[in-house]
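In structure tokens below, several structures.
Heads up, the next two complexes both have subunit A, just with different partners, subunit B and then subunit C.
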Partner chain A sequence: MSLARANRLTPWMFLAPAAVIMAIALIYPLGYMIWGSFRAWDPSQTIGEAEFVGLKNYVTLWNDPNFRESLGVTLRFAFVVVVVEMVIGVGLALLLDRDIRGMSLLRTMFILPMMIAPVVVGLMWRYMYHPTVGTFNRTLESIGLPTVDWLGQHALLSVIIADIWQWTPFIFILSLAALQSLPRSALEAARIDGATAWQQIWHIKLPLMMPVLIVTGLLRLIDAFKVLEVILVLTEGGPGLSTEILALRISRTATEFRELGVAAAMSNYLLILLLLLTMAMFAFTRWQEARAARIRAASEDDQ
Partner chain B sequence: MSQSYEKQNPAFYAVIALLVFMSVGPVLLMFINSFKLDVDIISGTSGLLFLPTIQNYETALCDVLWYEPEHLDFCSLKFGGAFINSLIIALVSTMLTLVIGCMAAYALVRFRFMGRDTVSLTTLMVRMVPPAVLLVPVFGLWNNEFCLDKDGLIGGAIRDAFGGRGDVCLAGTHSGIILIYVAMNLPFVIWILQSFIVQVPKSLEEAARVDGAGPFQVFFKVVLPLIKPGLAAAAIFTFRIAWNEYLLASALSDRNTKTVPILIVNNMSEFNVEWGVIMATGMLLAIPPIIFTLLASRQIITGMTAGAVKG
Partner chain C sequence: MPEIRLDKLVKRYGEVEVLHGVELEMADNEFTVLVGPSGCGKSTTLRMIAGLEDVSDGEIFVDGKPVSHLEPKDRDLAMVFQDYALYPHMNVAQNISFALRLARRPKAEINAKVREVAEMVGLTDFLHRKPGALSGGQRQRVAMARALAKDSSIFLFDEPLSNLDAKLRGQMRAELALMSARVEKNMIYVTHDQIEAMTLADRIVVMHGGYIQQQGTPEELFKRPVNKFVAGFLGMPPMNFLNGELSERDGAVFVQGAGFDLRLSDAKAAVARAHSSRNVVLGVRPSDLTFDSAAPSDQALQLGVEVSEYVGAQSVLLCKAGPGRVTVEVNSETPMAIGETLTFAVNPERVHLFDQQSEIAI
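The block that comes next holds the complex of A and B.
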């Protein structure tokens, strides 16, 4: 009797530490934030002392041109970065999917950028973008071209380039793995039928990789909304608001403007956005699994 | 190795060389510049013609060096202390996340129990919460609510031992930062380890069970050794986040618990950036992840694919 009860409790004993920590330090803070977003709350008050203002923070934000600008920058940044990284990453994977000596060493070198601290990535690129001593402008100068004001006029572009440098390898590695796990028989059949390399890519490889590519793209998109440190170090959101992504604006609203309630409401907007993306990804994988199961069932019926 | 390789076009190798140059170049540039004096960096006697010096590293680490560097009369950068803080926080939070995370992953994979789907779904959902969203609530909670009353027994004891006024709060302590890092990394670690635990043959566990091992013995003696690659991957990812994170650490740390990324950002926002020194600190921050990458790239790639393919 007591043994049976102990057995029933076992999973919870394994789960308890994780559940407790996540409840205290993730779920509770999230609830606290939602609660705080309805209040006029500044850092000197505890949340109980702050005045309840209903949806005011949300409405203020929605009508705030700066917030909209920042939202626009975030969306632009995320979509450009993901599209470019997908194109380059998948392209490279298709190009490098061959048996060559030292492939593993090559992959090691490629994942280096994303293992390094974003702060350090920002630091390196800030040096390279530097108007006078930076690598890019010096190179341009030495071949007689006019220099570019990287972090001034073209700040968003510069930030995007740095992100592409850091994260294209992620897409590359995942699509390479997807490519190498494709069924050899389909490719073999295409080759025997005389398909050209391009036809193989368009009609066989890309469609078969599509499920993995979509999940990869969504994962990358979710991550692109989290980027903060690189931009903070490179431009601090400036000049003006041109690179002030939402994450940066949240942190500035909280620490510089000292409006915790507004910052909480802003965090909520960001959270809702990410929640939608996550659900899209989740729904997609479920749909994919269901479809795979259906196909499997159908092929079993045929036999 | 008797594997034969296809002969490739020379242009193909040129492309590869270019790619390697592009991905490693900036890191290499930082490495080289960290050994240059500021004069050399700014005057632009570019290339490799310079006298390498470790002066930048001496400046950065002046508070933990056993001798006093000659070029310094005052040690303003407390980089050594920050380095130690970073190490403590990253190592402890990685250990905790791994132990707690793989127990939870095991429970989710191997047991059918009430509430399993809810837990699993919650884990998946909180995985996407960005640090910036946690900033406001964590700042508020760690400073105001997760405190021990100074008049209470434990709080009073701590206050007496370490001094200071007011209540004893989580903010500004190593444990405060560690707690949020563990919580932040758990969902990811649980998710990755699930896909490794599923692959452990159930028959092995049942055999151990028949031989009289309890559930915890089965877990520690049978399952854990079999998922070592997964553990390695999860450990590297957790360490990387804890080691590199800036935002939450900057909100929660005080003068004595600053981590390296905070120091770098603070020094970057000064008007006159000392490039040499800052590159040296950046290099020191980058070295542990670089070492991991070189030693365990296979595990990292396995972990990355496992984490992504499972959605």
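The block that comes next holds the complex of A and C.
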């Protein structure tokens, strides 16, 4: 082999290990899932033995009111938790972005919920939500208020509260990091220009944090679509289908109903949804940049 | 156009006091430059006037009214920052008009003002660009335009030119001088660069170690520095200092040191006689030494020329004088032999004397 040829191959040789790992760990399982979603596949069969049914799994799911209900619950859950967590997390960061004694301790305490295993979080909240011995209802009773049927009538709300408790710190920490890396002098300039504290937040801090906030929100959204353990422990998807989010339905379809093909098709729907969301976000940023560039070009043509 | 007065201004960070009771008055429509080495307290003083730093003790008066409890926005001032402090997400026009928009001025007035100041600093073609798409010099102009648009009566500059390259700095310095002649404001300018101070100031305030060392017109400070620090800080290349001893012979006063024995002028001699200590530092600016082999020995220094730095019309000679070094500024046309010991005449009217112990001018 000539030296020139070896030189040309060098970059590919360095890329090869990464490519192999990616093929084994990502492309193979993904392809397996997509392939499986076109079959009527029982866990007792190998994928080769399963009957090929084309798009039947997808069509059945699309016409299944339970699946649509579950999709609706997932969307509601994800959007509510992400919006509320963003508001509280960013708000807290704006509030606590200052030098207070004991600030580092406070910050550490804030992120504790994030470090607890989701199953434990689920158990903890299940006890607190318990209709008779739970902390919430006993407190309500002791101050003479009517008790609330947390995990029955208000199951989705209760699940949402637990998720907000666990994941707001994530947004708080990232927002705080974004805030603290903002250019100090730009904020001082805004103070001299006459901006009140609110105007500094609205006109300077939030716009400058925006790139970080978009990525943070997107990460949380993707995560919220896949949440499983907390809800599994808290409600098992009930009562009825009121808290049966997609991840839970997928897991049950695969294990309880033993319909691997349908579960795979459902996973693909979720994957497509997340891909669309991510692409929409990137498209939006692109569009904004393009628009800014167009305005600039137009104004420079005028000169 | 208010008068600003600092009354025993003190700044402490915890236990450390960095400003020790600064007293200063800045008159109406005056360009004051605070100059000093880094850590001298000049920026802190400016930021206290702006309201960005709390006043630990003392008071700031604007037109006789105390302002140190006011927020920056209520002090009627504009400021240009060292790193420009532009709002990166706003275009040039939005940056310039931010203060006006916050004040809810009518749109037509804002647009007119943006056009006016953009024209003044030469930014008309860049109004729709974001700061990220501008060069350093252009960003500097945006910062200037933003401050001008506010129409405040006090104008603060915190080392505005120190992030620019040398050529641009010279150009912007000239433009600043032009602008300051046109707008009638009380301007306060902080820099560590003595050339900026000398060229721009109506009045220079030299600070060192949290104290004001001296204030006055550039000429006053250059010609009559009150102490060794001011003498060494202003002027380029810096003043030469030689240790010596005062002695009296034949009715005249001499300064005697390693390799020199200079006779003082009558005026200097009278002051020197009245001074208690005999140990002094002789200060001679490099430009006050002239190559003259015929100079009498009591009005000259014998210097061994070691290096000649050619800087165009002038050359700077680094010379050996006893244990120390002396720099001399000469016309580049004068032929100089490196390595030889030559005679340089000292203008006796232009020498400075400082007490060795206190470093205060005699």
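The rule is simple: the second predicted complex is superposed on the first by the 253 of 303 C-alpha atoms of A that agree within 3 Å, B and C clash if a C-alpha of one lies under 4 Å from a C-alpha of the other, contacts with A are read in each partner's own complex, and residues count from 1 in each chain.
FYI, a contact is a pair of C-beta atoms (placed from the backbone, for glycine too) under 8 Å apart; a residue touches a chain by one contact, two chains touch by 3 or more.
In this text, all values refer to a predicted model and were calculated from it rather than measured experimentally.
S.K.: With the two complexes superposed on chain A, say which partner A:Met128 touches: subunit B (first), subunit C (second), both, or neither.
M.R.: first
S.K.: Is A:Pro65 in contact with subunit B, with subunit C, with both, or with neither (first, second, both, neither)?
M.R.: Neither partner.
S.K.: I'd like to know which partner A:Pro146 touches here: subunit B for first, subunit C for second, both or neither.
M.R.: After superposing on A, A:Pro146 lies clear of both subunit B and subunit C.
S.K.: In the superposed arrangement, does A:Ser185 touch subunit B (first), subunit C (second), both or neither?
M.R.: In the superposition, A:Ser185 contacts subunit C only.
S.K.: Mind telling me which of the two, subunit B or subunit C, contacts the most residues of subunit A?
M.R.: On the superposition, B touches more of the residues of subunit A.
S.K.: Where does A:Gly54 make contact in the superposed view: on subunit B (first), on subunit C (second), on both, or on neither?
M.R.: neither
S.K.: On the A-aligned overlay, A:Tyr28 touches which partner chain: subunit B = first, subunit C = second, or both, or neither?
M.R.: Touch status of A:Tyr28: first partner only.
S.K.: Which positions of subunit A sit in both the subunit B and the subunit C interface?
M.R.: Residues common to the subunit A contacts of subunit C and of subunit B do not exist here, since the sets are disjoint.
S.K.: Write out the stretch or stretches of subunit A touching subunit B in their complex.
M.R.: 7-8, 10-12, 14-15, 17-19, 21-22, 24-30, 32-33, 36, 41, 43, 46-47, 92, 95-96, 98-101, 104, 106-113, 115-120, 122-128, 133, 135, 138, 165, 169-170, 173-174, 177, 212, 215-216, 219, 222, 225-226, 228-229, 232-233, 236, 246-248, 250-251, 254-255, 260, 263-264, 267, 270-271, 274-275, 277-278, 281-282, 284-285
S.K.: Along subunit A, where are the residues that touch subunit C in the complex?
M.R.: 183, 185-186, 188-196, 199, 203-204, 207-208, 210, 292, 295-296, 299-300, 303
S.K.: Hey, which residues of subunit C end up touching subunit A in the complex?
M.R.: 50-52, 71-73, 77-79, 81-89, 91, 98-99, 102-103, 124-125, 127-130, 133, 146, 150
S.K.: Per the contact definition, I'd like the list of subunit B residues that touch subunit A in the complex.
M.R.: 3, 5-6, 8, 15-16, 19-20, 22-24, 26-27, 29-30, 33, 41-42, 44, 46, 99-101, 103-104, 106-108, 110-111, 113, 116, 119, 122-141, 144-145, 179-180, 182-184, 186-187, 190, 215, 219, 240, 243-244, 246-247, 251, 261, 264-265, 268-269, 275, 278-279, 282, 285-286, 289-290, 292-294, 297-298, 300-301, 304-305, 308-309, 311
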